[in-house]
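The chains carry the letters A, B, C, D, E, F, G, H, I and J, assigned in the order they are written, with residues numbered from 1 in each.
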Amino acid sequence: MDYIDRAEATRRILAAKERAGLSFEELAQVVGAHEVWVASALLGQNTMSSEQAAAAGKALALDEATVAALSRDAARGSLPAAVPTDPLIYRFHEIVQVYGTTLKAVIEEKFGSGIMSAIDFSMDIDRVDDPRGDRVKVTLNGKFLPYRTW
Amino acid sequence: MDYIDRAEATRRILAAKERAGLSFEELAQVVGAHEVWVASALLGQNTMSSEQAAAAGKALALDEATVAALSRDAARGSLPAAVPTDPLIYRFHEIVQVYGTTLKAVIEEKFGSGIMSAIDFSMDIDRVDDPRGDRVKVTLNGKFLPYRTW
Amino acid sequence: MDYIDRAEATRRILAAKERAGLSFEELAQVVGAHEVWVASALLGQNTMSSEQAAAAGKALALDEATVAALSRDAARGSLPAAVPTDPLIYRFHEIVQVYGTTLKAVIEEKFGSGIMSAIDFSMDIDRVDDPRGDRVKVTLNGKFLPYRTW
Amino acid sequence: MDYIDRAEATRRILAAKERAGLSFEELAQVVGAHEVWVASALLGQNTMSSEQAAAAGKALALDEATVAALSRDAARGSLPAAVPTDPLIYRFHEIVQVYGTTLKAVIEEKFGSGIMSAIDFSMDIDRVDDPRGDRVKVTLNGKFLPYRTW
Amino acid sequence: MDYIDRAEATRRILAAKERAGLSFEELAQVVGAHEVWVASALLGQNTMSSEQAAAAGKALALDEATVAALSRDAARGSLPAAVPTDPLIYRFHEIVQVYGTTLKAVIEEKFGSGIMSAIDFSMDIDRVDDPRGDRVKVTLNGKFLPYRTW
Amino acid sequence: MDYIDRAEATRRILAAKERAGLSFEELAQVVGAHEVWVASALLGQNTMSSEQAAAAGKALALDEATVAALSRDAARGSLPAAVPTDPLIYRFHEIVQVYGTTLKAVIEEKFGSGIMSAIDFSMDIDRVDDPRGDRVKVTLNGKFLPYRTW
Amino acid sequence: MDYIDRAEATRRILAAKERAGLSFEELAQVVGAHEVWVASALLGQNTMSSEQAAAAGKALALDEATVAALSRDAARGSLPAAVPTDPLIYRFHEIVQVYGTTLKAVIEEKFGSGIMSAIDFSMDIDRVDDPRGDRVKVTLNGKFLPYRTW
Amino acid sequence: MDYIDRAEATRRILAAKERAGLSFEELAQVVGAHEVWVASALLGQNTMSSEQAAAAGKALALDEATVAALSRDAARGSLPAAVPTDPLIYRFHEIVQVYGTTLKAVIEEKFGSGIMSAIDFSMDIDRVDDPRGDRVKVTLNGKFLPYRTW
Amino acid sequence: MDYIDRAEATRRILAAKERAGLSFEELAQVVGAHEVWVASALLGQNTMSSEQAAAAGKALALDEATVAALSRDAARGSLPAAVPTDPLIYRFHEIVQVYGTTLKAVIEEKFGSGIMSAIDFSMDIDRVDDPRGDRVKVTLNGKFLPYRTW
Amino acid sequence: MDYIDRAEATRRILAAKERAGLSFEELAQVVGAHEVWVASALLGQNTMSSEQAAAAGKALALDEATVAALSRDAARGSLPAAVPTDPLIYRFHEIVQVYGTTLKAVIEEKFGSGIMSAIDFSMDIDRVDDPRGDRVKVTLNGKFLPYRTW
């Protein structure tokens, strides 16, 4: 069996997904997990169990090396630079730049000294119909982790 | 009347807020807008109407120059660097780095070619009680803007 | 059918365009959209409908994989660095560096707090004859998006 | 007479303009030049003649040192970083990043090898009424400078 | 009461500590927490309870504004740059650069997919006597946080 | 015999390790050194003796060129950037950013002017069972090197 | 006919030039332009007419694709980084860093507000014999472009 | 006598020069050196003898501390960033970026392996009248330094 | 007694040294250590004993706060950027850039795997008379530290 | 004969040197120059005469293209980044960062305004036996180049 890294696996998965004509939602049903998580795992940012990888591999007709890569931890970080140039992704960077101190001030006021975990974490991406133009709703949900004194 | 820029205004507002012992939630009721938006405006990232500024100024006993600054557009961007060092803010940067391509892939699959606006946009920050540890829920809500062909 | 990413597609399109000896203006007529938009799409920065891609593919004798790439959203950003070294492109960077605060001050004075959209946006590039030396006229036209209070 | 640099002059001018309640359009009439150019000069990016500086100084009640600074060449560059964080200004940076190669390809096809001057250059910023939302129209107009062979 | 930010508070604390001739170990006994944690809080990187701040303030003869700052959350990040120039601090940066993939590989092998928390975290710094030259022993102890599938 | 650099050797070793299904702990027994050191050497950051390389090569069925690479000094530095994007590795970077001045202050107070060596250095990575969630314990142990006056 | 980009063309030209044993001076006579301009065009930074490209191609025995590349505009910028590491090139960077404000002050004093064009521009590189050590004389000659008021 | 660093000295010199209404050319006659060198020394980038400093100080009515600073070596480097934003200075940076490899190739072909000194170096800045627009001529003249084998 | 940081102490020391007209060599005799080490300590990069600080303070007529600063460890790193712009200092940076891999290859060949310490380290700076131009001889002398296997 | 660039030549030379089992010292005797210079030339940072290249090529059994590359000037700069990550090389970077202002102050005090040449320059790397641990002695020897007034 060949060994490929996750970057190569992602390239193969994107080609296979286009060929298969399957959406992330359909793949999420196959894999048995949330659509956003499944998308992130197929894009090389989360680690599937071997059962999940096998299910995804079957649906997308992936080769064995790509399936193996899906359950291997890889260096996370999906972007080539700290400041993204793609406008869709940049808007989220902009939100961090503009609302960063707001997030800090409000979370610390509501919870005390600590952070929102990005590990014990989930994300939803939803479409909200609106007659003035539909809206994207992104929900970030992370465990609050208080700083501890030792 | 003195003229101060918004960075100086933010410093004075933070001191006044600590002195007054008021939360963003209480200030939001005074100003008549959402707690998160009010926090962002007090931190120099959004622009108040003069009525909102006057109300905030009264509650916080701000001087006239600070009140004037609150309804002036300023260079937005609350952080000193593209990669934040503060752990609470960094976690949001990390989410963009790790889930950036996921956000792009799922939004484009659901909506077609376009972006989520960071201008026609609102944000909620909520506490979700959970016996295994309370959770921070951040909801980003922006209008979908499709790319247009011309 | 092979799968190629849009960077590879752009390389093949540029070779095909040179071989075919067609201008962006001629390709715009074939595709049925504005010359500048068609150029940007062929260069990998905008997404064609499959009809537009097919028309471009026929005119340029592109292979199937390249045609498919033309209607796929890709990571936008056409330059290898934040500060471009090519003198033609740098001059536009310079305009942003030198006139950035002017653009902000004048637009906010005319429209209030908000931005010019770079998504609901079009661009014209025209030649203006002038006996003292012809001029380049670039017209940027974007929807004004006001900041909203929530 | 005190000597102040142009950064300090800009700070004093912005305070005086707010105090005087004058728009760039009104100041343009006083100075006798285009609104955008006058704004850029007041923001420290272009150099006024001493007559223009005197007229602006009178209208804004500026001190002598500030008036003197207005006709002094200063280090141009209005932004603290190559990638601006302010959303209004960033959108123009984004246009350069996304449409940079398009600008290069179309201008070279229309004009041959050369650049659009950012020195023999003017800019208009206009409001275009539109029932679906008013639009910002920015017109860049620079002399074409062909590369020369020597 | 004056309001000072935590950077200013740190400057005053360092001066007071030198004047008082107290070690971090002695201050730790006064504050009732671990020497390393007390040092980090005095240096502006952790948040004291008001009792702890009062105790430290008394021992160091701090003014009221400095004591107040000690229980306020501040932007964390003690270094002026991502790559430290101070040799003592750089060695720790070097360890991350050289052993970063080792840390990732061994932790993931022992624990599965996840991270070591830097929030639910403590650190010891000890002297180990050794006839060939004493050694510094730094112990990092953080909760393992597994990635979750959602 | 082919010559390969250590980056290529690391790629082959990771593939071989996955194929062989051996843990770093098992490889450490084969090589006769500490698990963390063995992992770092296999990842290209430390230099094996030829005996150690031969033992590792036999256990992992490595080709001759890969074995030779293992005892060759290579440019150390395991990460593609000064600020790592992978969350597991970033947490250690964060510890340096947040606790950098603390490390300096406490070590200098305990030892005088000097540094902890990152060369005469060892590291342990241990699992600590804890009913509230297991913990990662990383122990850094380096010789103290005093600055000398000359 | 194959299509190659100008970077690949430069690599082939450098190999052909070494093989042919021709100097830039000899190639300049063949092409019918200044030695420095011809060198810059062969190195991918200026655009030849098809006659010039054909002449160069014949003298250097270049393949058809390389000749075609010579008359195609390419992304200018010959260096991999903003600060060059090669000592010969760095000295020119150093001159800009050290004498940048001098150039600005003296040119503005002699010419008024404006710049020296780098497009309507030529450069000579000459050897000046000197008994104390020969000297390099580089002459930059660019049209003065005054800033215009609009 | 006060002690000021050369940055402060430069600020005072620029104010004094504006007040005195003297050009660099007039100051060069007073100091007895080339106009460009005198400008660079007044701008903090070269070191005057005490006689030269005294002459400049008398002509510009400088205080004693500023005169003293003029004959003190200071950290050279007149620009706040590696890539200058001022258009006049940027054009020289652009010349290095675009013509860097040309300078290297032509100088090495004419002189062999070595560099042009930026220390044993002089610079002229001249106005060349031209009916199509006057030209700036900048002449760089540095000793050739061959690499030596040892 | 006032408290000043070492950056402020360095400023005061440089002024005092100029006023006193003492060379580093003379100060070295007063302090009783090597001229280069004394210079580095006076410039804020090494830490004096209190006796050494007192001797230097007496010779330079320093105030008490400056003397106290001389025996306090400070954040080392004497330059404002990773790439120095001052030509004298840049040449040493250039030596590291150009000869970095040579240093590594030759030291590892002579000593095995390890480094030259920059802590257990001394430096000499000497003048070597030479009829063809005097030479600067800089001798770096650091303990070899072998990597250890654990 | 194939044409290869010097980076490729360096790769082939390192492989050949390992295969041949020759040290830099032995190669220096073959080439007839100093060991450090020979190492730097083999690593692509200095240019051999064709005789030297032929001698090295024979000893190392290099192919013709590699030998040719050895006498070709290449873009100097042996490191992939301004701040090296390899600990051995970083220590020299650290010496520049920490002792940069010391080098400047002492050299200027001993020699006047000028620099140490990195071109008319040689370097020795020696082992100094020491019972407390052997030492690395690196001697930099460069011609002093005084700044000239013009």
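Heads up, the rule we're going with is that a contact is a pair of C-beta atoms (placed from the backbone, for glycine too) under 8 Å apart; a residue touches a chain by one contact, two chains touch by 3 or more.
None of these values were measured; they are calculated from a predicted model.
Engineer: Weigh F-I against B-E on C-beta contact pairs and write down the one with more.
Structural biologist: Looking at contacts between chains, F-I has the larger number.
Engineer: Averaged over CA atoms, how far is the centre of chain A from the centre of chain I? Could you give it in whole Å?
Structural biologist: 49
Engineer: Could you tell me the distance, in whole angstrom, between the mean C-alpha positions of chain A and chain D?
Structural biologist: Centre separation, chain A to chain D: 41 Å.
Engineer: Measuring centre to centre with CA averages, how many angstrom lie between chain H and chain I?
Structural biologist: 29
Engineer: Name the residues of chain D that each touch 2 or more other chains.
Structural biologist: Touching at least two other chains: 36, 75-77, 79, 82-87, 89, 94, 97-98, 101, 104, 108, 114-115, 117-121, 123, 145.
Engineer: Identify every two-chain combination in which the chains touch.
Structural biologist: Pairs of chains that touch one another: A-B, A-C, A-D, A-E, A-F, B-C, B-D, B-E, B-F, C-D, C-G, C-H, D-G, D-H, E-F, E-I, E-J, F-I, F-J, G-H, G-I, G-J, H-I, H-J, I-J.
Engineer: Okay, in this complex, where on chain E does chain J touch?
Structural biologist: 83, 85, 87, 90, 94, 97-98
Engineer: Looking at the complex, which residues from chain C come into contact with chain G?
Structural biologist: 11, 14-15, 18-19, 83-87, 89
Engineer: Touching residues of chain F toward chain J in the complex: what are they?
Structural biologist: Interface residues on the chain F side: 1, 3, 5, 68, 72, 75-77, 79, 82, 118-119.
Engineer: Quick one: in the complex, what on chain D touches chain G?
Structural biologist: Listed in rising order, the residues are 33-34, 36-37, 46-47, 49, 52, 73, 75, 101, 104, 108, 113-115, 117, 119-123, 145-150.
Engineer: Applying the document's contact rule, which stretches of chain I touch chain J when the two form their complex?
Structural biologist: Of all residues in chain I, those touching chain J are 23-25, 35-36, 39-40, 43, 45, 76-79, 82-84, 86-89, 91-111, 114-118, 120-121, 123, 125, 127-128, 130, 132-145.
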